[in-house]
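Two complexes come next, and they have one chain in common, chain A, joined by chain B in the first and chain C in the second.
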Partner chain A sequence: MVDRDIVDDLFVVATRELRTVVKTPSLVALAGVFAVSIVGVAWAGTGGSGGFVPLTLDLLTFVEVLIPLLAFAFGYRSILNDRLTGELDMLRTFDVDRIAYVGGVYVGRAMALVGVVVASLFIAGVLVPVLTADQPTFLAQNRAADSILRFVRFVVFTGGFTLVALAVTLAVSAAARTLRTAFVFATVLTVAFVIGVDTALIAGLASGVVPQEGIALLFAASPNSAFRGLVLEIAVGVVSGTSVNAGSTPLNAFALLLWWLLGLGIAVWRVWSPVGWNDDGGT
Partner chain B sequence: MSDDVAAANSTQSDVDSETAIALRALDISRSFGNVSVLDGVSVSVEQGELVAIVGPNGSGKSTLMEVIAGVRSPDAGSVIIPADGRTNTNQRDVGYLPQRPAFREGFTVRETLQFYARFLDETGPTDVNETLQRVGLRHVSGRNVGSLSGGMTRLLGLGQAILGHPSVLVLDEPGSGLDPTMVERLFSILHSLADDGTGIVVASHHLAAIETYADTVAFLDRGGLLVSESPTQLLASTGQETLVDAFLASMKSDEHESTVRAGFREEETD
Partner chain C sequence: MAVLSPSRVRGLSVVLTVILLFSSVSFALTPTNGEDLQPVPFDDTVGGSSGGGVDVRQAEEEGFVLPRTEVFFSNYRYVVGDYGIGETASKLTNPGTERQFGTPLAIYVSDFSTVKPTLSEEGFVVSENGQTVGWTTATNASFVVNSEARVPSGSTVLPFSNRADAKRFIQAHGGRIVEWDALGETVDDPLQSRLNRFHNEMAARHTWANKTVVESRAILERPRSIVVGDDAPNISAAIAAAQPNTTVYLPPGTYETDDLTVNKSITLAGAGNETVLRGNGNRSVVSLRTDRIAVRNLRIDGVGDVGSRRLEMQNGSGNWTTKVRLAYGYGDAGIILDGADSSVISDVSIETNASGIINRKSNQSVIDNVTVYGAATSDDGFMGATVIGARSVVQDSTFVDGRDGVYTHRADGSVIRRNQLEGGRYGIHEMYTSHTLVANNTARNVGGGVLVMTGPTDNLVIGNDVRGSGFGIDPAGSDSFYANNVLVNNGYGMRATGQQNAYLDNIAVSNDIGIRAGEIAPSNWFIRNDVVDNDKQVESELGPLRTWTHRGIGNYWGDLPLVDADDNGIYDRGYQPTGTVDGRLGEVSGAITLAQSPASALLRRVRDVVSGIRNSGVIDTAPRSDPFHPEQIANARANRTRGDAA
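What follows is the complex of A and B.
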């Protein structure tokens, strides 16, 4: 048995994943479309010329929908393709640990994905001082209410949300055995996260099934609403002079952490079952 | 291969004491749902021995290869790699080539082998070059794996399998879909690896190559091992002139004889 460091193996896998993303034209094109869309919203919408908080509000729904889709595109075939081509089995004969493999796939893809997301938001943020430069200055502005710090918080939360979306996608990629299953799973999860939980929440409130006290819990039920809650509470804070009530901040943060751990945990668990033999040992 | 039935009854201490054994699989059984694919199969491979597993489609060859390679758990039985079956302590246990290997496009042949080599402690550029040379891919080492022919992709798969000088090579139908020249080339590489002391288990339908290169032929049918002897002994003991006829003579019944014949014929004429 070859004795190696899991971290070393993880970075070997991560390097290949990053290079795979860079060498895949469809993913590069998608990343470009995402960046152009974000910058386009900042440029054409009212947010870019209104300040950082209006820009955050303009982009929030947009990234909430686009990031799961982008994560889906970046990740749903990542592990499954290795399984279908036999590379997963070949790698196993090199005594690669499951954590090293899944961790490597995750780190490599996440570097590319988070890089695209953060860079796009950075460009959108840079547009704010450019577009607001020509604004009349006789209007009173509350600098504390609209600061770059709030936009930085939004970018950080978006980065975290991207990591969660990718972790869930990787779980699907590791659990599925065919491309069709992976596609269906990932589509169902994306639809559920993007509109399913919100729809259920509205329907529940309207019908009285969901009590007011249960709203915070339901907000935290999906990564999307938890992310939205965090952004509204911490990055936006006040809209039209009124504090935003978007669930419980600790609950939303905990929910995102839980989704992240759940996604990666399932991916490691399902990628392969350890076969306990080797070196004078039986199965 | 040693006597498989006797091997099944071996104790752990017997196994440990046999220095020439590279791998021993004992009483392997595996089912998928209610379908039994392997039923108490025992196989052992000595250092430098080339063992060919022959059987019709659906006989359980691929499952047996996966179990031996350590990528699938058996329901019962065990796979043992004696520590003294290796020539050095850092040696990789098993190299494995699945039935239809494919590699990530966008990477060259050399980059692909370098990726796998990074998981080994004692493998450097020299080993990758040596591997490229050995499998005959040095001249295409800069080519994208997506542009390789099926035969070259298998040779790259073989290259991956032999990196790190494993004590045992497990190859699942490496010649499937290849032309006769490529099959001949592949088996001659395997023969030279066996000469260097590697134990090799290969599932294949290429009976001509097996007759020439294999030390032992094991017939697998419906999850059970029928017979295991050298090709010459097998032909003599069954009184047949070809391995296909010898295989059919070894079967318990001939209810699917035509299917078996067709399967072998198809591969031989690829």
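What follows is the complex of A and C.
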């Protein structure tokens, strides 16, 4: 029974979040910009008109930079706004479970975000057969050179990476008590993910502080590097022309999962003070 | 917002989850990898479909076997087929190959364990009862090198899947066994060995032409035996009366003739432009029908106006070659050489609405210092000089208007040099013609300077200068050398196409399109060229992204706003002349700013990765900051006028 209530509540909150996203012009505009960027890369680069693997490689860096930013924009105010406007307190009078609330916010925002990301990539993927020039039919095709499977894998990884980035942003939104803190925290995390961790690692390697045997492990610690490693290893694979050794796949996958759990865990834990635990009573 | 009810959102979330889960099936499915790849019919491979070079034709005719390879690369959409095991091994050790095609996922080689190989007298490999040679993977095979087995162009390597078979072969024919990994290191840089051969061949062909011309000079200076008008009433009577190896002299004047035939080894000499041989406007003017005839120092007009007897002669059977020979070889001309070996036409001027000179199967003949004025339009006229089925020399001559200046059909080994071609359709037009030297010709205001068609091999097109024309040079075929040509102010300078051709040290200046890239398999070398001031530097048509750099040597694309920080004469980053942004560098305001944008930089960074399956285009990974041939560029820029006809 309790589970049913939580799930129902979760989707009520999720619906409310989706409505908020749809009614926020800046988010809609941002989603549009993202979609245009992705399709633009497919259109302007030499990859989109070549094949799925080149397109994946063209998109990888753009996606890796844009998704944390997009997740930041979609998530950093979500819980915090409710807190600042007093809606959070009001919701709590309905005896909403914290998992239902945080989960609802997450599911609602994630649906919008993942929807935008996957749809954009889908359009970019559809461009491949459209843009690819006519190929001579009298030649035997080398089936191993390119495969749509590899691009689909990339889309799935990107979806997962989006979910992780949003979870981390949600944790910031739940933990922060003022807009300024949330903004600063989210910015710092985004910058750290996009360039900070990797730069620190390179600096560490250069100075000898980080042993090179530790690269795989430390790269896995950064969601961006873990995502990049997975795409290069599993999606692009040997097709990239060099023997792939893009870090440890299980380690990378595990790290992303850990970040996801950590983000959501912190959000659930920090969404309202432990007093709330006591109020909820005997669960 | 009734659209977004909780139940609908729940449904939507299920849909999204299902999509992601369904997509995850892609992890369970394995994309094709190296082990799944099986050999394809050799004719369907890139390289195999092109028919190959001389060795291949000879092998087909004489029924011996050439060892072949099929390579599946990680970054190349098609299967690369090749003749010669050593060549493939060498190519695979070249770092440029990996950059262009990626890593080899599967390498198949001819498996001589599937047949019983014997050697012919020449050392060519013959399979017993003409059995088809099967395939085996390269890593599986033992390779016999340094045995008595040969292919026409040199030694060859034979792979056997069964080591015992290889040992048995060695017992019979010598040699030793080498494994695949060691094989590549035993072979040289394929470009360097080619260039050496090209340079030797160029010298050899010039030498042959020089010798042929010197021999022809001897028959130009035969003692005078008959003077037309004094010793004989007309030319026919003079020829009839003349002793072989003497000169029939035609003093100044106009000589009306009707299908004059020379069937004696004599020299027909005039007094220059004042001696005019005038046909009756019907059929050809002079026909040479035996060896060692010379025609010199006179003028010819009154040629019939039938360029091609295509229609009247084609009612019979015969293949296409016969039809071309009949159609193109039996039109009206000023002079016909028909089986007239070692003959020479020198210092002759011809006015014609059909052909100037037609050489049918007259080997070692020379056309030297001849001027042909063709019809005003190419549709009305025909060829200046046609060479069919003969190895001969056309040099120091001028061909004005008409259709094609020099047209060759199966004229293997001919040398066409230092001619001037003005107006008309094509300057030099080679069909089914291999082993030629086309050197130091100049073409102005033609539809195209040099056009090579029909997949020949081993042609050398060197030092030609084409300006103000539809195109400069349009090659075809394989294993040929296009070098030191100057192409200015044409519709397009040159096409880079065919297989295993080397395009070196050419200069394309101020053309509408500098270079057109049109090969499906990027197997050509395009380096040390200066491509500057063209409206569009490179246009690419078919095929994947090509790398026009070999072992660190690229081309000069003009003074690009790029950085050469280490001052080594090579810009620090690769240049893509076909690129949306790079192609406009230095020409369009703001292009450099756009090129520096993170988006451009990002796309540029990944551009070289998997280039073999990217969209058609050209990249130079070592673009030069200084021209290779600065003086010639300066000269081209100073004399870039379109010419008279424009």
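Quick note on the criterion: the second predicted complex is superposed on the first by the 256 of 283 C-alpha atoms of A that agree within 3 Å, B and C clash if a C-alpha of one lies under 4 Å from a C-alpha of the other, contacts with A are read in each partner's own complex, and residues count from 1 in each chain.
In the analysis below, contacts are C-beta pairs under 8 Å (C-beta built on N, C-alpha and C of every residue); 3 or more make two chains touch, one makes a residue touch a chain.
Because the structure is predicted, anything quoted here is derived from the model rather than measured.
Enquirer: Once the structures are superposed on A, label A:Thr24 by its partner contacts, choosing first (chain B), second (chain C), both or neither.
Expert: Only chain B is touched by A:Thr24; chain C is not.
Enquirer: One more residue to check, A:Ser273. First (chain B), second (chain C), both or neither?
Expert: Touch status of A:Ser273: first partner only.
Enquirer: Have a look at where A:Arg98 lands relative to chain B and chain C in the superposition and call it first, second, both or neither.
Expert: The answer is neither, since A:Arg98 touches no partner chain.
Enquirer: Between chain B (first) and chain C (second), which, if any, makes contact with A:Gly159: first, second, both or neither?
Expert: A:Gly159 sits against chain C, while chain B stays out of touch.
Enquirer: Taking the superposition as given, does A:Val12 touch the first partner, chain B, the second, chain C, both, or neither?
Expert: Both partners, chain B and chain C.
Enquirer: Give one of first, second, both or neither to describe whether A:Val107 is in contact with chain B, with chain C, with both, or with none.
Expert: Second partner only.
Enquirer: With both structures fitted on chain A, tell me whether chain B or chain C touches more of chain A's residues.
Expert: With both complexes superposed on chain A, more residues of chain A are touched by C.
Enquirer: Kindly classify A:Arg150 by the partners it touches after superposition: chain B alone (first), chain C alone (second), both, or neither?
Expert: second
Enquirer: When the two structures are overlaid on chain A, which partner does A:Glu87 contact: first (chain B), second (chain C), both, or neither?
Expert: First partner only, chain B.
Enquirer: Overlap the chain B and chain C contact sets on chain A and report the shared residues.
Expert: 12, 19, 23
Enquirer: Once bound in the complex, which stretches of chain B touch chain A?
Expert: Checking each residue of chain B against chain A gives 12, 16, 26, 66-67, 69-74, 77-83, 90, 92-107, 115-116, 118-121, 157, 160-161, 164, 166.
Enquirer: Using the touch definition from the top, list the residues of chain A that touch chain B in their complex.
Expert: Its residues touching chain B are 1-4, 9, 12, 16, 19-20, 23-24, 81, 85-87, 89-96, 272-273, 275-283.
Enquirer: Where on chain C is chain A touching in the complex?
Expert: Per the stated touch rule, the residues are 1, 4-10, 12-13, 16, 19-20, 23-24, 26-27, 29, 31-34, 36-37, 40-41, 44-46, 49, 72-79, 98-99, 102-103, 105-106, 520, 542, 544-545, 579-580, 599, 602-603, 605-607, 609-610, 612-617.
Enquirer: What residues of chain A sit close enough to touch chain C in their complex?
Expert: Interface residues on chain A, with respect to chain C: 8, 11-12, 14-15, 18-19, 22-23, 41, 44-51, 53-54, 57-58, 60-62, 107-108, 111, 114-115, 118, 131-133, 135-136, 138-147, 149-150, 152-153, 155-156, 159, 234, 237-243.
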